[in-house]
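Contents: one structure, followed by commentary.
Residue numbering begins at 1 within each chain, and the chains themselves are lettered A, B, C and D in the order written.
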Amino acid sequence: MKRVGQVEIRRGMSVDELMREYGRAGVLGAGALARACDILEEMVKARATVFLGLAGPLVAAGMRGAIAELIRMGAVSAVVTNGANVVHDVIEAIGGAHYVGSFRSSDAELHSAEIGRIGNVYTRVKDFVAFEDFARELLSRIPEERRQNLSIRELLTEIGRSLSDGGSFLRAAFERRVPVFSPAVVDSMLGLQLFFFAERHRLVLNAVKDMKELAQLVFDAEQVGALFLGGGVPKHYILGANLLRGGIDYGIQVTLDREEAGSLSGAKLEEGISWGKTREEGKVVSVVGDATIILPLLVASLKERLG
Amino acid sequence: MKRVGQVEIRRGMSVDELMREYGRAGVLGAGALARACDILEEMVKARATVFLGLAGPLVAAGMRGAIAELIRMGAVSAVVTNGANVVHDVIEAIGGAHYVGSFRSSDAELHSAEIGRIGNVYTRVKDFVAFEDFARELLSRIPEERRQNLSIRELLTEIGRSLSDGGSFLRAAFERRVPVFSPAVVDSMLGLQLFFFAERHRLVLNAVKDMKELAQLVFDAEQVGALFLGGGVPKHYILGANLLRGGIDYGIQVTLDREEAGSLSGAKLEEGISWGKTREEGKVVSVVGDATIILPLLVASLKERLG
Amino acid sequence: MKRVGQVEIRRGMSVDELMREYGRAGVLGAGALARACDILEEMVKARATVFLGLAGPLVAAGMRGAIAELIRMGAVSAVVTNGANVVHDVIEAIGGAHYVGSFRSSDAELHSAEIGRIGNVYTRVKDFVAFEDFARELLSRIPEERRQNLSIRELLTEIGRSLSDGGSFLRAAFERRVPVFSPAVVDSMLGLQLFFFAERHRLVLNAVKDMKELAQLVFDAEQVGALFLGGGVPKHYILGANLLRGGIDYGIQVTLDREEAGSLSGAKLEEGISWGKTREEGKVVSVVGDATIILPLLVASLKERLG
Amino acid sequence: MKRVGQVEIRRGMSVDELMREYGRAGVLGAGALARACDILEEMVKARATVFLGLAGPLVAAGMRGAIAELIRMGAVSAVVTNGANVVHDVIEAIGGAHYVGSFRSSDAELHSAEIGRIGNVYTRVKDFVAFEDFARELLSRIPEERRQNLSIRELLTEIGRSLSDGGSFLRAAFERRVPVFSPAVVDSMLGLQLFFFAERHRLVLNAVKDMKELAQLVFDAEQVGALFLGGGVPKHYILGANLLRGGIDYGIQVTLDREEAGSLSGAKLEEGISWGKTREEGKVVSVVGDATIILPLLVASLKERLG
C-alpha cells in the first residue's frame, strides 16, 4: 500500500509544485485533484481528442481566460457548452461586463436597477440589449439559404469569427478551428434571440445536423479525453456520442453535484463503464469542488507541465 | 412571530395529515415542503398554467405513475423534460423495465452483462434495442414533409399518440392535450436514434419551432406556476420563456443541487426575481431533497386536498 | 432482478401505504427510505438495543414530538444527542418557544432584537435567560458530593426528572428509563452554564464515567440497532462504543452530508464494517435528506406497522 | 460596481499569484477563497487570537504538515480539534502510517485484512494497537493526583510533550505553547483508551476545566480570528466561547456541508451575528470545498504573503 504523504508547504511554491504535494497526500479531495491533473496531462500529451464540457456560469464568473488559455494551448479539440457561456462570452467581447455582487442582495431591488443576478455575479440588462443587437445583426448576415438548415455549431463558429476580443473563448476556438457545440442553446438568451429572429425571418436550427459532425469527431478519434466542468447536457451529450466508439479513454469531472439522486450530473464517470460511455480501462476521476477554484489550478499546473 | 409547532404523529395518519404537521413545524425542510404543497394546491386551484420541469431519471426510478397522475388530475399544463425521461417512459410502455440495482456494483461486470446503470437503477441493453425499433418505425410513419421541419414537441406528441400504456406520462399528456417539450432531446438515446435516422432519411428537428409554441403558452397564460423536479435545461427553458410575461407567479423546486457554485440548477427561485423570471410577489419555495421522496408526498397530498 | 415498480398514489393513502409505494419503487431516495423503514421495524420488533443519535437542531425545528413519540413507543434504548437539543427541549418545557423565521433575515437586526437564528428558526435571548435560571437551580439542587464526579448522563437524567412537560424528549426518556448521553455537551449553552456554575461551586463533569455506562449497554445487548439523525459526535460515539461488541446489527442514517471529504458524518454505514463498528451481515442504509422531513415519515410508518 | 476580472494563467505562477487571480475574479468559489486568504492574512498580521477548528480526518488525509506549518508560522493561538486528528497525529508520530485506498473497496475484505477505512484512506489495526500502548503508558506517567481532575487540554499538552516528531501538529503546538482542546475526545479511539484506563485506575477527565482556560483565552483577546476546517463540535465550541466577548472579528470556514438543514456545520458565519458569536462588523467568509484542497492553498499563500 502507498503511504499518504504529509503535504509540505514551501514559500513561493508554484501551483504545480503544490499540485505535486496534493499528489503526495493522494487521498480525498487532494488526491482526486492531483489525479485529475495527471490525467489531463496524459490526455493532452497523448494527443487524444479532448472534449471540454462547460456547464454553470463559468464565463460570467471570470473563467473565460482560463478556458481560452486551454484552447490556445492546444489542449482542447471540441467544446460543448450550455448556452449561457456563449452569451456571457459575447457580452464581454462586445464591451459588456459582469460584476461582483452578493448572494444575499434584494432581488426586487436588483430588478428595479435592471441587474440580473447569477449567484453573486451581477449582469446588466443593457448588456443583454447590446447582445440582442449583436445577435440580430449576426443572424441577418448569414445567407438565408444557410439559415434554412443551420447547425448550432455553425452558428457558434460564425459568432467566434465575428468577435475580435482575444480573451473570448469563442474567438480562440474559431482561430484554433475547435468546434463549439451547444445542444440546448435554445434555453438561453441566445435562444430567445433565435426565436425573435424566427418570428420575422426564416430560420431553422437543426440540432440533428450537429450530431453528424459530433459523431464524425468521435469516429475519427484514436483516443478520447473529456474534461467536464459541471455536468448537465454537455456531459450527457459528450458521453452519449462516445457510445459510438466504446467510450472515453480519459475523463475528469469537476462538480458539486452528488450521485445519490441518480442524476447524470452527479454520477461518477465509472458509471459510464456499464454503458460503454467510459472504457473499462479508462482513466477517470471526479473532483468534488467549485470549478472556479479547480479549473485555474488545473490549467496553471498543465501549463507548467507542458513547459 | 409564529411559533414552531412540535410535529405530532398519529397512527394511520394520511399523507396530507402528515403534510399539515410539517406545516405546523414550519421551518427547515419540513416547513419548505409544507409550503411547497400549499403553493402547489394554490396554483392548481387558481387554474394557473402549470409547467412541470423534469430533470434526473425520474421515470427510471419509479416516478412515472406519480407524474402521469399529476397530468391526469389536470394539475399540469405543459411538461418540459430531459430526453432520458422520454426514453425510459417509452421503454416501460413497450414492455421493457427498470431494475433494482446497486451503486457499488462492478460497472465492468454490468457492461459484460449488457446492463446500463443509472445510480442504483439497472437497465437492459435489449430494452434499448427495442426502443430503437420503436423510434425508427415511429419516425418512418411521420410524413416526409412534416419531417422537414419537425418540432420536438410534435415528435413527442406522436410518441404519446402511439403508446397504449395507461401508465405512460407521454400517453397521459397526449390524452390530456398537454404539450411535452424536450429542448435538449439530442443528448439522449432518442437523440442518437434521430441521428441514425437522419443518416438515411431527411429529418430536420427545428428547436426554434418549439419556442414559438412555448412562447404562445406563456403569452396566453393569466397566471403561471412551475414545479421543477431537478434543475437543468428544463428549469432554464421554462424560466427563460416566462421572461416574456414578467415571470412566474408560483414556483416550487425540488433538488439536491446547491447554489454556491452559481449554477441555475442550484439557484433559489428568488434569484429569478432579479431577471423578471419570477414575479416580485410570486410565491416560490425550494425543497432540498430527493425528488423520488418528495414528489409522491406532494402528489398524494394534492390529491387528498383536491378531494 | 427485481423490477422497479411505478409508484401509485391513492387519495387519502396513509403514510405507511406511501412508504410501501417507495418500497415498490425500490431505488434512489425512495428505495433507501423504504429500506430504512423496514430496518427500523425489524430492529424494534427484534427487541434490539436501539441507539438514537441526534445531531442538528431537531428540537428547535419541531421534531421533539416525533422523538418523544419514538421513545414512548419503546423503540429507543438510549439517546446520544448534541447539547443543543437538550437546551432547546428544556426551553420548550419551561415555557419558551422557537419561531418561524427566514434564512435571509438581517442578522444584525436580529441581534438588536435579541433573537438568535438557527437556519430559519428564531430563538429569543429571554428564553435562554430562563434556561440559565433553570440550569443554575438544577445544578444547585444536586448534592455537592455527587457534583464532584457527575457524568453527563446523570445530569441529563436529573433534567428529565425535573421537567413536567409531556412533550419533552428528556422527560419521556426519564419516564421510560432511557439514558441520554451528550458527550460534547460543553459546546452548548448548557456547557456555558456548567462553566459559570463551576466558577463559584465545585463541579466535575466526568466524561469518562459516561463511557462506562455506555459500554455496559453495549456489552449487555443481544442485538444493536442505531438510528442516526445527522452524524457528528453522536454517530461517532455510538459507533465507537459498538466496536466493543463487533459492530451494530442494524443501522439507519439520515443526513445531507456527503462522503467525499472523508468526514464520519457523511460516511456510509458500510464503512463501519472495515472497523468492526458495523457487522458484516448488518443491515444498514443511508437516506440522503433533511431529517425534519424523513423522521416524521419513519415514525408515522413505524407506528402504523406496530399497530 | 466592481467588475469580475477574467483569471489569467501564467506559466510557473506561484500559489499566491494564482490566489490574486481568484481575487480578480472575485465571485463564486474563487472569490470566496481569495477573500478567505485576505481575511487570514489580516487576522494574522493584526495579531488576533486565532482559533483553528479541525473537524474531519485532516491528519489521516495528509494535512498534518500544513496544520503544523500554520502553528509554527505563529498564525494560530489555539487549536480545537475532534479526537480523531489527535489519534492520527500520534499514530504518524510513533511510526504508524495512513495509506491510499479506495472508496469502493470491499469493507468486509478490509475488515479481514485488519484495515479500517476513512473514505479512501486506509489505516492499520496494528497502528491502533501501538497507539493503545502509547496512550496507556502516557496516562500511567501522569501523576495520580493530576489524574483526579485532568482537563482534556492538559492531556493533549502531555501528548505533545511526549512526541519527538517534528511533523506532528501536537508537538508543534506544545513547542509554540499553543493550547489544543478537544471537547468531544471521548468519541475517539483515545476516548476508548481513557475508558479502558479508567477501568483499572482513577481518572477523571473534567471537561468543565477546559472551559475555564478557553474562556480566559477569549477574555484576554483584543481581537479574535477563527479558521474552521469543517464544522462540528470544534466550530460550536469556539463560537460558543466567543459569545463571552461579543463574537469573533474574523472568520473563515471551509466545508462541504450545507445550511438548509439548519446544522451549525453548514451554517454561514453571518448567522453568528444574531447570536453575538460573530461581530456585526466582523469579516467572515465561507468557502465551499474540500479542506484537503483549500487548506494547502491558504497556507501556501499566507506563507508567501508573510514573506
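Worth pointing out:
We adopt the following convention: contacts are C-beta pairs under 8 Å (C-beta built on N, C-alpha and C of every residue); 3 or more make two chains touch, one makes a residue touch a chain.
Everything numeric in this text was worked out from a predicted model, so none of it was measured.
At the far end from subunit B, in terms of centres built from Cα atoms, lies D.
If you average the CA atoms of subunit B and of subunit D, the two centres end up 43 Å from each other. Chain centres here are Cα averages; for subunit A and subunit B they lie 25 Å apart.
Averaged C-alpha coordinates give centres for subunit A and subunit D that are 35 Å from one another. Within subunit C, the positions touching two or more other chains are listed as 27-29, 57, 60-61, 119-121, 256, 258, 260-262, 288, 290-292. Under the stated contact rule, the graph of chain-to-chain touches is complete, every pair of chains being in contact. Those residues of subunit A that touch subunit B in the shared complex are 55-57, 60-61, 82, 84, 103, 105, 107-108, 110-111, 115-121, 149, 183-189, 191-192, 194-195, 198-199, 203-212, 215, 230, 232-233, 236-237, 240, 243, 256-267, 270-276, 278, 280, 290-292. On the subunit D side of its complex with subunit A, the touching residues are 1-16, 18, 21-22, 24-31, 33, 57, 60-66, 69, 92, 97-101, 119-122, 167, 256, 288-294, 296-297, 299-300, 303-304, 307. Contacts from subunit B toward subunit D in the complex involve residues 27-29, 32, 104, 258, 260-262, 288.
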